[in-house]
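Each chain carries a letter (A, B, C and D) given by its place in the written order, and its residues are counted from 1.
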Amino acid sequence: MKVTIWNEYRHEVENAKVAQVYPNGIHHAIKDGLADAGFDIATATLDEPEHGLTEEVLAQTDVLVWWGHKHHKDVQDEIVNRVYQRVLDGMGLIVLHSAHCSKIFNKLLGTPTCQLLWREADEKERLWVIDPAHPIAEGIDRYIELPMEETYGEHFNIPAPDQIVFVSWFEGGEVFRSGVTYHRGRGKIFYFRPGHETYPTYHNKQILQVIANGIRWSAPTRSAKPVYGNAKALEEVKPKVKS
Amino acid sequence: MKVTIWNEYRHEVENAKVAQVYPNGIHHAIKDGLADAGFDIATATLDEPEHGLTEEVLAQTDVLVWWGHKHHKDVQDEIVNRVYQRVLDGMGLIVLHSAHCSKIFNKLLGTPTCQLLWREADEKERLWVIDPAHPIAEGIDRYIELPMEETYGEHFNIPAPDQIVFVSWFEGGEVFRSGVTYHRGRGKIFYFRPGHETYPTYHNKQILQVIANGIRWSAPTRSAKPVYGNAKALEEVKPKVKS
Amino acid sequence: MKVTIWNEYRHEVENAKVAQVYPNGIHHAIKDGLADAGFDIATATLDEPEHGLTEEVLAQTDVLVWWGHKHHKDVQDEIVNRVYQRVLDGMGLIVLHSAHCSKIFNKLLGTPTCQLLWREADEKERLWVIDPAHPIAEGIDRYIELPMEETYGEHFNIPAPDQIVFVSWFEGGEVFRSGVTYHRGRGKIFYFRPGHETYPTYHNKQILQVIANGIRWSAPTRSAKPVYGNAKALEEVKPKVKS
Amino acid sequence: MKVTIWNEYRHEVENAKVAQVYPNGIHHAIKDGLADAGFDIATATLDEPEHGLTEEVLAQTDVLVWWGHKHHKDVQDEIVNRVYQRVLDGMGLIVLHSAHCSKIFNKLLGTPTCQLLWREADEKERLWVIDPAHPIAEGIDRYIELPMEETYGEHFNIPAPDQIVFVSWFEGGEVFRSGVTYHRGRGKIFYFRPGHETYPTYHNKQILQVIANGIRWSAPTRSAKPVYGNAKALEEVKPKVKS
């Protein structure tokens, strides 16, 4: 399973506080955290040529993990379309935290997914497992507790998810659909809420476990590529008399 | 309930065969067919200024019915965005037949909804009611039989619908999810398959009944408009000590 | 629209504290609260003959509202089966609060719906609207706040709902899927969480509005009654040669 | 992965025509057909003590495959309850063909799942892949064609599935939701339609592939067992003053 972890990778460079939490960038924190998961992991970042997501890289990627925050607009539409096409063709996509605002998530979902409530207030978050049968909950306790995180609250302007795995409780009074799945074409998508850049969320074992689960769950399905367009009948059609 | 029926209205003008079936256009056939449904119905067409969908018209439209086929590209993006915003704000949208390829449906759903199998072969279609509890099935028999229609077949590249009301059987060997619902933001969407321009489908009483049901079902919900963006906590948040 | 409100009606008789909140019983509090909703409302209680749910009563009931708590076992299986059959045939069912443990809800859903977390601790509950497009959210603000309620928490052992309208936040750290819909056969079901007998929840205008919305939403659909069993082919079947 | 294939195993004994197709029984045909799938497969049948489903057997079963037809009533309720509990606890369940009428499927789903249209008329069936992203469609072409099968038609009285993977087209004019998934508690359920005892359906490679996919998909998730019942608050609850 070939995994590419994409990161905006600007906060970590520009902001000393973030660099302290993620000295090598969020992408490397996740890569290191998944070292024992058995994946073949590469990374890519916004400021590489083609954002590190060349045709070759994407063609060999089974699952793409995406973290972005403040520079969604700097992602070129051409690359977004390239990722979009790969998802439709079966590549898995894990959308993390503020990537709910990314062009690719928005394009795949069809709603202004950037819309939700938020604040940065060092709140406790508790992610409750709503669907303990789901493989994304593998190895997870009844809930994951994070001592401090950015808060997201409903209404989150997403389509009705295929499945809801986690719902978060926040100290400040909000709830949030924090782990939700979709499919588009042959590709599977998992959105997972936690991971603000100033908190050590991607060092948390349970959070890493969920990301690993999401990667496994969203692995490509080798079903036949659908055929579209004009098609001959498979059965004999009786001639009709039009009035 | 204010309903606006939008029609491309070019086939009926350019093609004598179509004009014979729908002398005043598909929009007027549907309008006339819904005369007893108790709606306040207006029409709009592609070649009117702003495609007949000015800010004023849309602001007063509770449910928009959309039929288009060959000239989706001629619909200006500005108008598409205007309709999109209105759907998110609560306007119902009924998408008919080949409008599965329309810019608005594609934008709302996030998949290349134009992708499906099709042929024109005068086939019998039988639309089976899959969900008899759904209000869109109100007054409908176990199935609707159409003696001749254009054929659509799976795979239909749509997201998993919120609800599936009808699945079609086609003489030539295909099946198709023919009546499916979604919601996006506060707006409800109903896609209904039948209605190729060369067949008298929109004169069929049961088809008209389904469209009327869809209009009633997709009427705006007067819930509070969601608030998005930065928000204060509703509960006291305990001060934390960061390590 | 004929509505029957069913109540266990024992707490109010046996417990002075409850009687103070609901002197005429929860059923009458809801009935009075819906006085302006335009329904034709009757009531029925556990200790009436046949629990007040005779064949005649149920045959004329469009929507049945059900509140029960400690005496689920006293509901006769014969009456449960009668209600079950009516739901399959189209009668709407509104299941309130601790009726998640009722025989009828359990039978319709197929899971041990009694299973959830709970405590009585006078906690604040905030019911967030997750689906502002849903007619059950009609007229409701972004959330409903209840100063004190019994707490329910996940995991709630229900099947994946057709739709989730509300998710609750509780002061004590839990979340709960508080407003969920299902359909079974031709009948629609709405489960709505709040309403412990010691709190004045059913005097709250927004809670009553949600119940009224639920009743309207779950009104019977007059689609054709499905036909089951052995059936002749609708199309000619070619003779086959078996090897 | 430990798989137990349960079969009623009476048709094959009593009916020479069926014995010709499945000389060792349907359970062994499926077991043999999955020989290369990497499962540890056992079988069990109705006329064994406890139907071959002792506590020990079930405790060690990851996924149970169930085929039954005419003798559903002979399955003891105690064993049904045992299987039911194991599904809630995480065991996967594959329900084949006429097992839609089985006590266990009915109990888990909550609807009279026995209700559908049917006939035995040697009809062609074509199972269309509706969800090519689903792991149950792994390795499957756009559709599976069976030259002859028993016909099932809608309305099929099941709850809205979590996911629909296949929809069948039948020569005689019906459609049917032939591959559908559910979850109940921690257990995953896959219903797969084909497999009448007089046809060699379980010798078909693609059908066997789907069953193998279903088994892998429904493997238990090792999430924490949910806790139910009275629970202490996780957060401090402010004392309230009741009026």
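Rule of thumb we're sticking to: a contact is a pair of C-beta atoms (placed from the backbone, for glycine too) under 8 Å apart; a residue touches a chain by one contact, two chains touch by 3 or more.
Fair warning: this is a prediction, and the values are worked out from it, not measured in the lab.
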| item | value |
| --- | --- |
| Turning angle required so that subunit B lies on subunit D, C-alpha fit (0 to 180°, nearest 5) | 180 |
| Of all other chains, the one whose Cα centre sits farthest from subunit A | C |
| Centroid spacing, where centroids are CA-atom means, of subunit A and subunit C in whole angstrom | 36 |
| Whole-Å separation of chain centres (CA-atom averages), subunit B against subunit C | 31 |
| For subunit D, residues that touch 2 or more chains besides their own | 126, 129, 131-132, 142, 153, 155, 160, 162-163, 171, 173-174, 183-185, 226-227, 234-235 |
| Subunit D-facing residues of subunit A, complex | 90, 126, 129, 131-135, 137-142, 162-163, 171, 183-188, 221-227, 234-235 |
| Touching residues (chain side subunit C, partner subunit A) in the complex | 126, 128-132, 142, 153-155, 160, 163-164, 167-170, 173-175, 177 |
| Touching residues on subunit B, where the partner in the complex is subunit A | 88, 107-112, 115-119, 121-124, 147-148, 151, 153, 155, 157, 159-160, 162, 171-174, 182-185, 226-235, 237-240, 242 |
